[in-house]
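Next up, some structures in structure tokens.
One chain, chain A, links the two complexes that follow: it is found with chain B in the first and with chain C in the second.
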Partner chain A sequence: MADRLFSSAVWLSAALVAAALLWIVGDLARLGLSHISLEFIFSAPENAGRSGGIGPILVSTLLIIGVTLAVALPLGLMVAVWLAEFTRRGNRLSNQIRLALDVMAGIPSIVFGLFGNAFFSIYLGMGFSILSGGLTLAVMILPVFIRTCEIGLTAVDNSWRQGAEALGMTRTSAVWHILLPAAAPAISAGLILGIGRATAETAALIFTSGYVDRMPESLLDSGRALAVHIYDLSMNVTGGDPAAHASALVLIALIILFNLLAQGFSDRWLYRRLAT
Partner chain B sequence: MIFTLYKNRDRNKRISIRRLATLVLLLVFVPGISTATEHLSLTGSSTVAPLALEIAKRFEKLNPGIRIDVQTGGSSRGINDARRGLADIGMVSRALKQSETDLTAHTIATDGIGIILHSDNPVDQLSDDQIRAIYTGKIANWRELGGEDRGITVVNKAEGRSTLELFLHYFGLRNSQIKARVIIGDNQQGIKTVAGNPGAIGYVSIGTAEYEEQRGVSIKRPIVNGVEASIATVRSGDFPLSRPLNLVTKGELTDLAKRFILFAQSAQVDDLVEGQFFVSRQH
Partner chain C sequence: MFRGNIDRLVEPPLRLAGFVCAAILLLILLFLIKEAAPVLTGGGWRLFFADSGWYPMEGLFGILPMLVASLVVMLGAIMIAAPIGLGCAIFLQYYAPPVLAKAFRLLLSLLAGMPSVVLGLWGLTVLVPIIGSWQPPGTSLLAATIVLALMVIPTMALASASALSSVPGSLMNGAAALGLTLRARICYIAITSAGAGIRSAALLSMARAIGETMVVLMVAGNVVQYPSGLFEPVRVLTANIALEMAYATDLHRASLFASGLLLTLIVLALAWLAARSNESSKQYG
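Let's turn to the complex of A and B:
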């Protein structure tokens, strides 16, 4: 009896969470699907985004995410490796860095936006630019990414390290060929969390990559991200709701696509390395 | 065997990393050099930004080779950036204050602020005193105003919003006196809040309210102190609770800034102003 009660509670909870997602996506699809077309995806916005499309905004979004990943991925992996492999457990410095990272992970994104505006845009003179926005997002997603990767690395069984040592592998190649591939699921999870957060970010980008909805010509141009566009349409633009819903649908599709790519990337690139 | 394989891979990887680095550098710098255009930057009010962006696009179309970047962040940012020279032009959705006389305001449109109620609310006339009493918590039930027995949900704007400052100034209130149940940011949020709560009272841009009402959103504008809140009464000047939408500048204007401001005030952009549900200037 208790067993049946428990399993029905488990099923019910899972169904509830799935229903919440379906509800959101269904609602967006109902309100926005009729607005989506190839033209909407490729053309430039008109009349404050009420008509026209989201072409330049999609390009800016992809460029911002590109900058974010180009910085956060190598930097994050290296810090995670340092924390997990190059420091002793209980080391004071690494504990303090862990604490700093955990605190940073909890900072609201608007704070990163203001920091990015002050540091990248004004102090380093990048102005409102895709570069400034991407770097700000990189700083924002690094803590969670590093900690997830580190936990993944720590979870790798010690016998793998001993095996590598016994074979006379250098530390570098042990990390590169054995430990990182073994931590691939955690890395991919960290990547998915980070990309998800970055793609959906508004507050950190309004003051860094900005509001300009023109097609960007370089990384030093200001470019409006999809999430900023949705925010503007639903909050500042009267009659912008249909376009906002359609853009939100595209954003969700984009996040799903990124998740699949990240998963495929970690599966193929890192697992194959482990197999050879 | 395995090791030589790795070595080759590493070499390939090194080459591909170098290629990637070159590509990134090219992306960053080359286009930056090639686009030597005249450039104008605007920052400030999120209310003015969509309008300024549309005006800027039309101006760019008429004047090839000129680029105008519009950024948001609120009126205080517009003031601040214009003052510190971080932007050529600031956008401010209110009249300038006494402490801001170092800046020059160029009005490009007017926005009226009207009281909104849920459309099911039978109350359709309010006086300034009644509104003041509602917002300070002295009247807390619609029954006291001849309506149904329902608690009043006071919807106020967030600190820093120009609409809030205008509202407080007009009614002679301080923000600390207001007993708000809900704090909102933008007009759309205000309309959504009031439309979803039959006991709510809020204040938003009249153009936005008119548009949403026509679309069947459940809100209405009560007559305040005997004046109907509409685009027509704002333009004629009969409606007292209105604010100018300004471009602000500091000191001597560049030629380009001067041309843009004149364009933004001309009849050539009336359709854009009305397209954003604001009230265009009288020409």
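Let's turn to the complex of A and C:
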């Protein structure tokens, strides 16, 4: 009796979660799909977003993520390579940097927003801008990205390093030609995690990249990210719900697209170098 | 002959990058403290906890109602998410046939990757009207708790599943040989043995829940008051920052930064407890 009760409870909890996800996705599709069209994706918002589209907002979103990646990708890879390949295990300095990264990974996103506003927007004088928002997000995703890449590099079998050493390769070329390509799956996983978080982020952007929904002319213009647009439409614009649901669908599609791109990036670029 | 020279050239910039990362953390803390300084110095922080309420226009910055609301929403969310999440983990680990387990894992990661603003939108346009038709206005503690629980269930489930997967097979086989049923093996052997890992999963989920902004901001109703009932609207600390940062100045702004600092400390304490719990679980592995 108790056994049966227990196994039904287990199946029930799994079914409940599956049903909840289907409910959410179903509702989003039901409420948003009819509003989506090519015109919606490319045209500018009108009437505070109730009608018109999300063209400039998509451009701003892509620019913000571009800034984020331009900073976080090279910096993150450098730190991961240094931690995994250029320091000894148990080195005090590198352990302290790891601790700093773990602490940073725990900071709530709204607090990154506070920091970004105080430091990038005001102290460095960037104002409400795409640059400020992108840099804030870069700081936010760095810890997760670095740790995932580092774990991937550390997991590469030691015989690869010994082989490179035996061939007389420098550590630098071993990293470049062998270890980074071999760790490509982990790097792309870190990239997916980072881009996913950055694309979905709202709280850190509200007071760093701002609300302006015009087409941005430079990185120093304020630009409204898609996630911020959804928030604004649903909270501050009465009658904005259909557009909000359509934007939510576009946001989810965008995240899936980035996942595929990151996967392709790792498969093609890094792995091919290993194969030839 | 030149071997190693390029390494010597390459290493310093890499090390510098490492320092830059550590410096960013210091910079974050420095700026939070600097901006919060007007409240922190001169005993202002006591007003922070003693004031009768949050009336920034009149210079009253008591955050206690919002702090309590944050904690209540977090505890409510984990009370829903912990049993369901653990149930999902047990399902993944012991009940689901391999194909179903794979599909369910994918489903959990889909839910985990769902942007919080989208969950908030769903909560606001679907869940809130349902609750509202029963107990108006609908935007309430209950709505925030439910959507937040949905958000952290994947964290709870996936972390617990990995704790359960590290339970030694010999323990489970031994228990099976003694004639224990699957339920008894799970309840008395697996969950006990993976206890520290499951605790760590719950603490991590709590850290995510209290640090979350958008979901709660969109469905909780944002009225500053002590939570007095499931159907009452509340405002949590994160939502308060998001709502008022845009126009806050002087002491008001400083107190928002101070509440951000407080929030960070709470999240870090939870994350530290989670890491410690996980550490102790490894001693038996």
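Quick notes
Assume the second predicted complex is superposed on the first by the 253 of 276 C-alpha atoms of A that agree within 3 Å, B and C clash if a C-alpha of one lies under 4 Å from a C-alpha of the other, contacts with A are read in each partner's own complex, and residues count from 1 in each chain.
Note that a contact is a pair of C-beta atoms (placed from the backbone, for glycine too) under 8 Å apart; a residue touches a chain by one contact, two chains touch by 3 or more.
Quick caveat: nothing in here was measured; it's all calculated off a predicted structure.
Within the superposed three-chain model, A:Ala184 lies out of touch with both chain B and chain C [touch as defined at top]. When both complexes are overlaid on chain A, the residue A:Ile141 reaches neither chain B nor chain C.
The partner of chain A that touches more of its residues, comparing chain B with chain C, is C. By the touch criterion stated above, A:Leu58 is placed in contact with neither chain B nor chain C. Of the two partner chains placed around the shared chain by superposition, chain B and chain C are both touched by A:Ile206.
In the overlay built on the shared chain, the residue A:Met235 is in contact with chain B and with chain C. By the touch criterion defined above, A:Ser109 reaches chain C but does not reach chain B. Taken together, the two complexes place residues 173, 206-207, 234-235 of chain A in contact with chain B and also with chain C.
In the complex of the two chains, the chain A residues touching chain C come out as 2-3, 6-7, 9-14, 16-18, 20-21, 23-24, 27-28, 31, 75, 78-79, 81-83, 86, 93-94, 96-97, 100-104, 106-115, 117-119, 123, 139, 142-143, 146, 168, 170-173, 196, 199-200, 202-203, 206-207, 227, 230-231, 234-235, 241, 244-245, 248, 251-252, 255. Taken in their complex, chain C has these residues touching chain A: 3-7, 10-11, 13-15, 17-22, 24-25, 27-28, 31-32, 34-35, 83-84, 86-88, 90-92, 94-96, 104, 107-108, 110-111, 113-122, 124-126, 150, 153, 157, 181-183, 186-187, 207, 210-214, 217-218, 238, 241-242, 245-246, 256-257, 260-261, 263-264, 267-268, 271, 275.
Chain A contributes residues 47-49, 70, 122, 128, 131, 173, 177, 206-207, 210-214, 217-220, 222, 232, 234-240, 276 to its touches with chain B in the complex.
If you check the complex, the residues on chain B that touch chain A are 2, 5-6, 24, 27-32, 35, 46-47, 49-51, 53-54, 67, 69-73, 86, 185-189, 205, 207-208, 211-212, 215, 275-277.
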